[in-house]
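Both complexes below contain chain A, partnered by chain B and then by chain C.
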Partner chain A sequence: MAVYKQTYKDYSGTRTTPWFRFLILSRYSYARLFQSKFLVLFLAACMFYPLGCAVFIYLSHNIPLLTALRLRSGAMPPIDGQFFNVYCVVQGSLAFLLTTLVGPSLVAPDLANGAMSLYLSRPFSRTQYVAGKMMILLLLLSLITWIPGIVLYLIQAGCAGWDWTRGNAWLAGSIVLGLWIWIVVLSLIALALSAWVKWKIAAGALILGVFFAGAGFGAVIKNVTRTHYGAFIDLMQVVHTIWSDLFRSGSRADLSVTEAWVVLGVTCALCLWLLAKRIRAFEVVK
Partner chain B sequence: MQIVVELAKLSVCLGKREILTDLNVELSGRTIGLLGPNGAGKSTLILTLLGFHPVTRGTARVLGYDIRRHIKQVSTLVGYMPENDSFIADMTAVSFVRMMGELSGLPAESALERAHEVLFYVGLGEARYRKLGTYSVGMKQMVKLAQAIVHGPRLLILDEPTNGLDPSARRRMLRLIRDIRDSSQMHVLLCSHLLRDVEETCEEVLILKQGRIVHYANLARERSVNQRFVEIETSDDHAGLAEALTEIGCTCTTHGSRRLKMVLPEDFDLREIYRVAAKRDLPLRRLNYRRDTLEDIFLTAMEA
Partner chain C sequence: MMKLWYKQIVSVIRLEMKKTFFSKRGLWVYLLAFAPVALYMVNSVHITRQRQNLVQLATEHPVSRSVFNGIKTGLSRDQVVEKLGEPYWQRTLYHDRESEKERSFVLYKYTDGKNDFTYHFKDGKLTQIKHRDPDTLPKSQLIFATSFQFYFLRLAIFFGCVGIFVNLFRGEMLDKSLHFYMLTPMRREVLLAGKYFAGLLATVVIFTSSTALQWWAMLWQFERGVIVDFLAGPGWTQFGAYLSVTALACVGYGSIFLAVGLLFRNPIIPTVAVLLWESANPFLPPLLKKTSMIYYLQSLCPVTASPDKNMPPVINLLISPTGPASTLTAVTCIVLLTLLVLVLASRQARKLEINYSTD
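Showing the complex of A and B:
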């Protein structure tokens, strides 16, 4: 329409399918997130460790190069469950830092600026809103966790041959499952806390607090009561217990694997309940 | 004429408190005003029509769709401009309006085109690449209107659209509402506590008090009825004039020595009054239609 014709026109064109409409939120959020140079640099930095692992895997199978470097192939640590468990711990920690950077800005500004009524007055449900916001973290965290993890597994499988791949096929499942659990837990906690406090800085502090204060209080409870109940609020220990089980690397944790799964289930349910309470067009003040 | 909003024994409770009680009405005007004192339930009614509050009893239909069963269809057909600040501070106006268009189901390219169009339409063309956080109150109101009409809704719900606007911005907003009403197929439901805004834009008025409908008025009809009540003031004694006007079908009552109130018969030509006065050489100093202002209607409804 020409600028000088400032009249209102009805819209009579086509409409998109509602099934993938939640991705619109993710698309606009990525556009805003990637305006931050710091985030781009951080994402690039997150790739250093997987890159180092890839070099290590290549080296440990390159006998001529090892000989040239005067190293014995047997002296190199094996590429096994323990190796990928350590990979999960390192990349999982980076995923946690990325969550504290990105997570608080997902829901809090929408609630603080009253934008929720605008979203929900459209053919767009609360579930779609949460899915759209969660997708942002799921994709970002996947980029630095299980996707490079699977690439490392494939490099190792390519170098070590069919026998190793057949014997260690379970590792691929453990990498994907272990890191997906961590990504989902981080995303839910970040969204729930971001929705709860409505203030970006406070939400970021709370995400840190849930993990570090949880670990601290857990240790205090453990020492004071001389029981293992403190481990229930130490989410890092809970996840490490599950990872150790998935990678068959022997756990020294206070929790049993079943207890760890129950704690994660309760945490996720709590986050979903909080999101259901907070993601509303209007708050009804009683 | 299509019924825009149909309420049948609609009741809404928030917590244990009943906010809306047994509302029964059918609204079919192009612009409908929703009036009432603070706490009357205007906003609750709007939010219920948008599906934000659950219906406790009764039914409500918007453009023929039951809001309990077909809220998706309702939200596709409705554009909503909330009362409070509602925006995303770190987005430009054009991105914000485009995103809202896409969320309403417009394809990305159409949403971008429409976003530019509506931002020019509401007068924010030059400021459309500025971040919303830097906008003034008046500009934020306009961008809220833009996001409400970007997807071409059939019903536009405006909650206090002139809140916080200076007189010129208010006039501009009201002109836009009238223009939308006149130039499109859109119906407008306007909720305001400013009687003047409603009077200037609406055809129908629904007045709520303590969660109940206390008055429904078709302003256009009331205005035409008011045309039949006339008050004249003469410069001299009007006894003869009253007699002559009664002879041609008017019902007259005197009001002081120089004032005359009358009810005109159907299809009465007003020029007859001047002819009769001229024949009697009686100068008319003033002729007024009686005009029940919306304020009169509102105050009467509140006293009821």
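Showing the complex of A and C:
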């Protein structure tokens, strides 16, 4: 057939349901991400702490073993809100490192190489694009945060019995809610910064900077002005305050729980505004 | 030959100046560097105005310093007013109706012209006393040392060097302009030296000027006599030491991140590794402590920073106390490490191949 006869015509194949179209981006991105051996190794390393916690829970209920080790069952630290709060802090930090590795490469290359118009010229909205990219992080971070957390809760529930489970049902809710908040905030920050700087190396450095330099400068504000306002830019402290409240463990944070929620809300709104401003099918080049 | 190399290095520095100082991509480095200056200035202005305000309030509501010592928790509001008189400021915070009993939370503020006291009353009883004493120079020096060592050295200079030095080679890859340098009759080592000195010049200028301005802004709140006495004593030595530590930090971290930009396609992973290693320094055993840059930089600081008071006791126990390195050892180690990294980087630069992949 002559080339000139290959004219444009409608796509006649089956189309993905509009509600699930955003998953197409995630599917292709996972295929690319899991080619990295480092990422796979890092994900495996992230499972060490939950595994250690699971062993600890099992041991603390294994009376014969404790007797053999000459330990009383009461000598082991209790599996309570504080235990899961520490779990959140450890896995939350690893989730942050994982975001620094994965997040910058999600949006920046598309914007830098002018690929946005190619996505958005298809029956695919900006919201679907952001949802698709965000889904990549949400699923990866879930794998190392709340999913193992719930597994730990279930192991403890299985070992401690129905009374413990009924009395501590709120813990399951706190694990899911606390870690979902964190992974949503991390994902939004990663996507917004990746879209803003358009260079994945700079975006990675910026994500690190927002958390580390934010915490450092927050401490300087506290130190110099002798006020608690520095805590507002320390996102780690903000989320630790929320976790301490959710897990009903004492917090020595400088800001109240309401202030922490407001800071997180403002951060998310700012990230969404940045994304709405950057993710467009056109770009004005000056 | 040396003359030619020198000329080439100067040319590279001249070409790089605009990219390092005025690049849009590097504007955040200025924010990192000069944010503490703004903070110190705002604080100094606030403290000066507050001091004047307290003096004025003390003349309107005179209370002698000794009377404040007799105020203890448990006293009633009337007893406090009887001893101190009417406060210069008062506020009823809120009424908690949760337990069906109306509870009042009242705040009273008093001053003797220098110190500021806030008394918290709950249901008419004094429950908490907050005392804000005036900022003294030794206290401000300690605050400066803490923020310099925990924020400026560890984070601002660190990330500033990441931004500037990684960009020297990686940025050229991104802009697809590195081949212009490669096509010139210039040795790769000379190119690397030129780029390193350009980055060094930028970071040293930005961060030492920030240190100097922070120092000036910190001193600004004090009276002229206090500043003159301080500068006549240890002041200038401390100032010089802070500037030198800043410059040495740029020298050391700069070399590391220049090498990182050359060796790794994604410099974030090594950056995170270096950041974690430097952050973990207080908890490392003495021998490992000496393998990090921050140990030598902190050894050179003139004032020892106070540890974080909010640190949990368990974590506090993990800190391993190690004596500081001597000035000569610290400077030698930083310079030697820099030379070693630069030599390794220049060997890598000889094998450098351009790959304009999507960064």
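Basically, the second predicted complex is superposed on the first by the 270 of 286 C-alpha atoms of A that agree within 3 Å, B and C clash if a C-alpha of one lies under 4 Å from a C-alpha of the other, contacts with A are read in each partner's own complex, and residues count from 1 in each chain.
The rule we apply is simple: a residue touches a chain if its C-beta (ideal position, glycine included) is under 8 Å from a C-beta of that chain, and two chains touch if they have at least 3 such contacts.
As the structure is a prediction and not an experimental result, all values here were calculated from the model.
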Which superposed partner A:163 touches (first chain B, second chain C, both, neither): neither
A:213 touches, of chain B and chain C: first, second, both or neither? second
First, second, both or neither for A:9, with chain B first and chain C second: first
First (chain B), second (chain C), both or neither touched by A:21: first
Chain A: partner with more touched residues, chain B or chain C: B
First, second, both or neither for A:223, with chain B first and chain C second: second
Touching partner for A:113 - first (chain B), second (chain C), both, neither: both
Which superposed partner A:97 touches (first chain B, second chain C, both, neither): second
On chain A, the residue positions that both chain B and chain C contact, one per complex: 109, 113
Sites on chain B touched by chain A in the complex: 14-15, 47, 50, 52-53, 72, 75-76, 78, 80, 82, 84-91, 95, 99-100, 102-107, 110, 114, 117-118, 120-121, 123, 125, 147, 149, 151-152, 179-180, 183-186
Contacting residues of chain C [partner chain A, same complex]: 25, 28, 32, 35-36, 39-40, 42-43, 46, 132, 143, 146-147, 150-151, 154-156, 159, 162-163, 166, 170, 174, 266-269, 271-272, 275, 308, 310, 358-359
Residues of chain A defined as touching chain C within the complex: 38, 97, 100-101, 104, 109, 112-113, 197, 199-202, 204-206, 208-209, 212-213, 216-217, 219-221, 223-226, 252
Complex contact set, residues of chain A against chain B: 1, 3, 6-16, 18, 21, 24-25, 28, 31-32, 109-110, 113-115, 117-124, 280-282, 284, 286
